[in-house]
Amino acid sequence: MDNDSLTARILEIVPDAQLEENKQFLTFLVPAANLHDLALKLKSSPELAFDFLFCVSGVDYGKQLAVVYHLNSTQHKHALVIKVKTDDRANPNFDTVCDIWRTAEFHERETYDMFGIRFNNHPDLRRIFLEEDWKGYPLRKDYVDEVNIVEF
Amino acid sequence: MTFNIYDFTSFNRWIDEGLNSIMSPTWALITEMAIIGIVFLLFYAVVGLFLVYAERKVCAFMQNRVGPNRVGPYGIFQTIADFIKLLMKELVYIKDSDKLLFNIAPFIVIIASFMALSAIPFAKGLHAIDFDIGILYVIAVSSLGVVGILLAGWSSNNKYSLIGAMRSGAQIVSYELSVGLSLLTIIVLSGTMQFSQIVEMQSNGWFIFKGHIPAFIAFVVFLISSTAETNRGPFDLAEAESELTAGFHTEYSGIKFAFFFLAEYMNMFLVASIAATVFLGGWMPFHVSGWAGFNTIMDYIPPLVWYFGKTAFIIWLMMLFKWTFPRLRIDQLLTLEWKYLLPINLVNILFMAFLVLMHWHF
Amino acid sequence: MKEIINLPVSKIDEEEYHINMGPQHPSTHGVLRLVVSLQGEIVKNLKPHCGYIHRGIEKMCEKDTYPQIIHLTDRIDYLSSHISNHAVCLLVEKALEIEIPERVQYIRTIMDELTRIQSHQLWWSSFGMDLGGLTCFFYGLRDREMILDIWEETTGSRFLQSYNCPGGVMQDIHPNFQKKVHAFLKTFKKKIKDYDRILSGNVIFENRSQGVGILSKEDAISYGVTGPSGRGSGWSCDVRKTEPYSMYSKVQFNEVLRYECDTYSRYMVRMQEMHESMNIIEQLIDNIPAGDHSAKMKAVIKLPAGEYFQQVESARGELGLYVVSDGNKTPYRMKFRTPSFSNLSVLDHISRDMKIADLVAIGASLDLVIPDIDR
Amino acid sequence: MNSFFKYFSDIFHGVKSLLIGMSVTGRYFFSPGQIVTQQYPENRKNLQMFERFKGEVIMLHDENNLHRCNGCGICENNCPNGSIEVIPARITGEDGKSKRIIDKHIYHLGMCTFCGLCVKNCPSNALGFGQEFEHAVFDRSKLTKVLNKTGSSIIKGVE
């Protein structure tokens, strides 16, 4: 599927999705509530068939926290980027997609570890790299840690 | 007294008579036992140290390396240095381990291999004791070592050790059969279990040639199963350093670890000696019946050289196994024994019995 | 497993026998900890615990300029350091739309393939060692030494070269480079036959690896198992073919695919990839065009604000770089999608109901590099 | 019957593959000429590192104890992990103008990752890589080095 028909198809599934311009891949900003539903359709629709979740990255945009999903279809060779954002920095949470793409289980744990973004219905949401008792979420921009980070 | 390196019988008699002439027969016997004990202990230590060195050198050459070369010329004192290091190391005691069993296990392993050594004839007349059921004795005693391994794994209070010990138990119980049956094949041919007689019978040709096909099969089976019985690679599942870190001896340190280490090499020496004695004629020179001149030349080579040469060759083969093959998995190990070695062995015995009845052996 | 350790003894499932493989364990190749639940010898389930060498490289990247980031990418996957460097350079060059001299492309591609060969050599060595064939380890390292020498002569380092820089490479290749690469190819083509003879064809090895750790193609895609491990399941996921970069669109090579989906097929994919890599190098080594070893770059590299993504095929799979730039000389957010991290996630799935010995073989066949997981 | 033959062909192929494997190790055992081990401390005298070998960062001095560093600090800025500290000094030059020169070029070898950015980015090519690789010391403070030699000064015309 080319980008135009992909755009049309995704806007059909999630009418609130915003297309972000001038990106390397087709990028959509999706309301958090629609994420799981969209993901399920992206995977299961035969003409979309986004079966390969390449990368899940958390991004801290200062005010907002975002999660970026890089999707790929091994069948149709098209790519898509889905973004979800939240303003709630104290208790950010999104739906998990690890029931759809199993690789998300680890990637979401990593995002939780580094950004404190919780994923609802995740089977085993624990810190993956840091200690369980680590305070704060290191990749957030407002993270301050005098003890462990050595500034030059 | 005439001392000669081809026959130690007169030398032994000379010592025996000498001792009896200066003390009562009881004391003479005790003194003889003490002498033999000391000689064997020394022999045990020297062979153990040499084998460790040899193993390291052999595997180094197989791997394009030099091996130990820092302590002494060609590194020959390396194992002595290692031994001193192990002696001085701390003996770590494990919390909640069974102290008595934990301490006794290395001794059981080492005593088993030490006892088995006593029946081996090194040259004519040079053996501690010549049982008339020598082979049976050796099989029985050498399999005692597994008790030590099981105890070590059990008492260490370590999960890896326990798995290693259990594997070792399953392994020895299975492979003991093959060792026994492959030796039985030769017993069918020789008709005796006494080591000295077995060697004497090979004066006109080693059993591996005399019994040709079945003897050769028995030899190969014996090599495989005895490698398994000594817990050496590719059958080193009890240690399996990439799976169980060090298996049953994970928690052992210092001299106790050294005992396990030494016992492993002595067991290897032991099974190599048995293989050399039973299949390759022990100290008996290489004879071809009919070639009198050739046989005379061969007779000039002392029996000790023959004996150690054959043993060394088999040890080298076992090292070649260890340093070439990947390790088997536990189920494959048992499959190999029960599905391949055991049936082959049983058929082989029948074949050998048939051969002996028909006088088709040489 | 903290929960299990802190539980009162009565609450632990009596049937299950937990062992800790790692953080110090000979077959985890680093500080990875696997908490394995056993029933006898059978693995019931397994929980990987990573983070023992988490160094916060993504955080460190946020304070480093793009040329400085390169030395950090060396240390992510230390066995394919050159390919990780390459990814950063490609990303920067793509963002700045810089034309790269053809000579650089040749050099980078050759270096990438040498990296792949040496990584697979080390993998082969440790695979043999994990299965108990210790001699393999020395043969692999012996042959790898030649590549390290080639690198040392050209880049000055044996392992973490930091040879790529945005716009080109740090130094031109050494005059001996081509000669030495030829010598290496000649020697290694002979030596790789020994690899097959001592391990690949060995009956014990075949029994240990065939039918062990079955990973179906669907699972491979779902778990994101890329690289040789994914191609061992018949998934065509080679970035060099799907998204060609540098010289890969211009050289002839086959994407190695196998369909047995087991440890043996993952093994054979890597063995054949070494041949393919040698094939690629042979096509390029004699044709390196003359020219500059670096494009003209500004003293301070600033990426225009935006999001960039670059993926390359490292020796372990797809390495993805996701950069959010706010127009500064340092990235706003840099995410590494490392292949080993995704490959690790499948370990639990494919090693269930296998034996401990199989777990070791499966772990080795996934070719995990622990810093690549932890970052 | 088929499985009967398979049983024996399995044994045959298995034994054959094992013998092939043993022939490899056996062949290497009998060819000691292929040993690749380097006898390191013994070959120290003729151990030649490659000319580009990155042993440590050094400041290039000529025979008159002159270097090319003017203390601009670009290397310090380029260093990713702060292993270079440039301590400049100001002197009054012959023409009466105040001029920046290097006082101490401090290099923390223990923190250096040999990325080569300092050497590459030095505008006056004052830095280079040394061949020394035996860096083991008993005290970490010994890994902090001053690169400009005592009494050295800048080559005229480099500024």
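Points to keep in mind about this one:
So that you can tell them apart, the chains are marked A, B, C and D in the order they are listed, and the count of residues begins at 1 in each.
Operating definition for what follows: contacts are C-beta pairs under 8 Å (C-beta built on N, C-alpha and C of every residue); 3 or more make two chains touch, one makes a residue touch a chain.
Quick caveat, the model's predicted, so the values are computed rather than measured.
Of all chains, A has its CA centroid at the greatest distance from the CA centroid of chain B.
Compare each chain's C-alpha centroid with the centroid of every protein C-alpha atom shown, and the nearest one belongs to C.
In terms of C-beta pairs in contact, the better-connected of the chain pairs B-D and B-C is B-C. Taking each chain's centre as the average of its CA atoms, chain B and chain D sit 50 Å apart. Inter-chain spacing, taken between the CA centroids of chain B and chain C, is 45 Å. In this assembly, the C-alpha centroid of chain C lies 24 Å from the C-alpha centroid of chain D. Remark: chain A and chain D have CA centroids separated by 41 Å (rounded to whole angstrom).
Residues of chain D found to touch two or more other chains are 18, 21, 24-25, 36.
Across the assembly, chain B contributes residues 62-65, 323-325 that each touch 2 or more other chains. Among all residues of chain C, those that touch two or more other chains are 135, 142, 198-199, 202, 204. Interface residues of chain C facing chain D in the complex, by the touch rule stated above, are 64, 67-68, 70-72, 74, 135, 142, 145, 152-157, 160, 162, 165, 170-171, 174, 194, 197-199, 201-204, 206, 299.
Interface residues of chain B, counted against chain D in their complex, comprise 58, 61-66, 69, 320-321, 323-325, 340.
Listed in rising order, the residues of chain C touching chain A in the complex are 2, 50-51, 54, 56, 58-59, 218-219, 221-224, 235-237, 242, 306-309, 311, 318, 320, 322, 324, 333, 335, 337, 341-342, 344-346, 349, 374-375. Considering their complex, residues 13-14, 17-18, 20-21, 23-25, 36, 50, 52-54, 78, 80, 113-117, 120-121, 129 of chain D touch chain C.
The touching residues of chain B, when paired with chain C in their complex, are 59, 62-65, 159-160, 163, 167, 233-234, 236-237, 240-245, 323-332.
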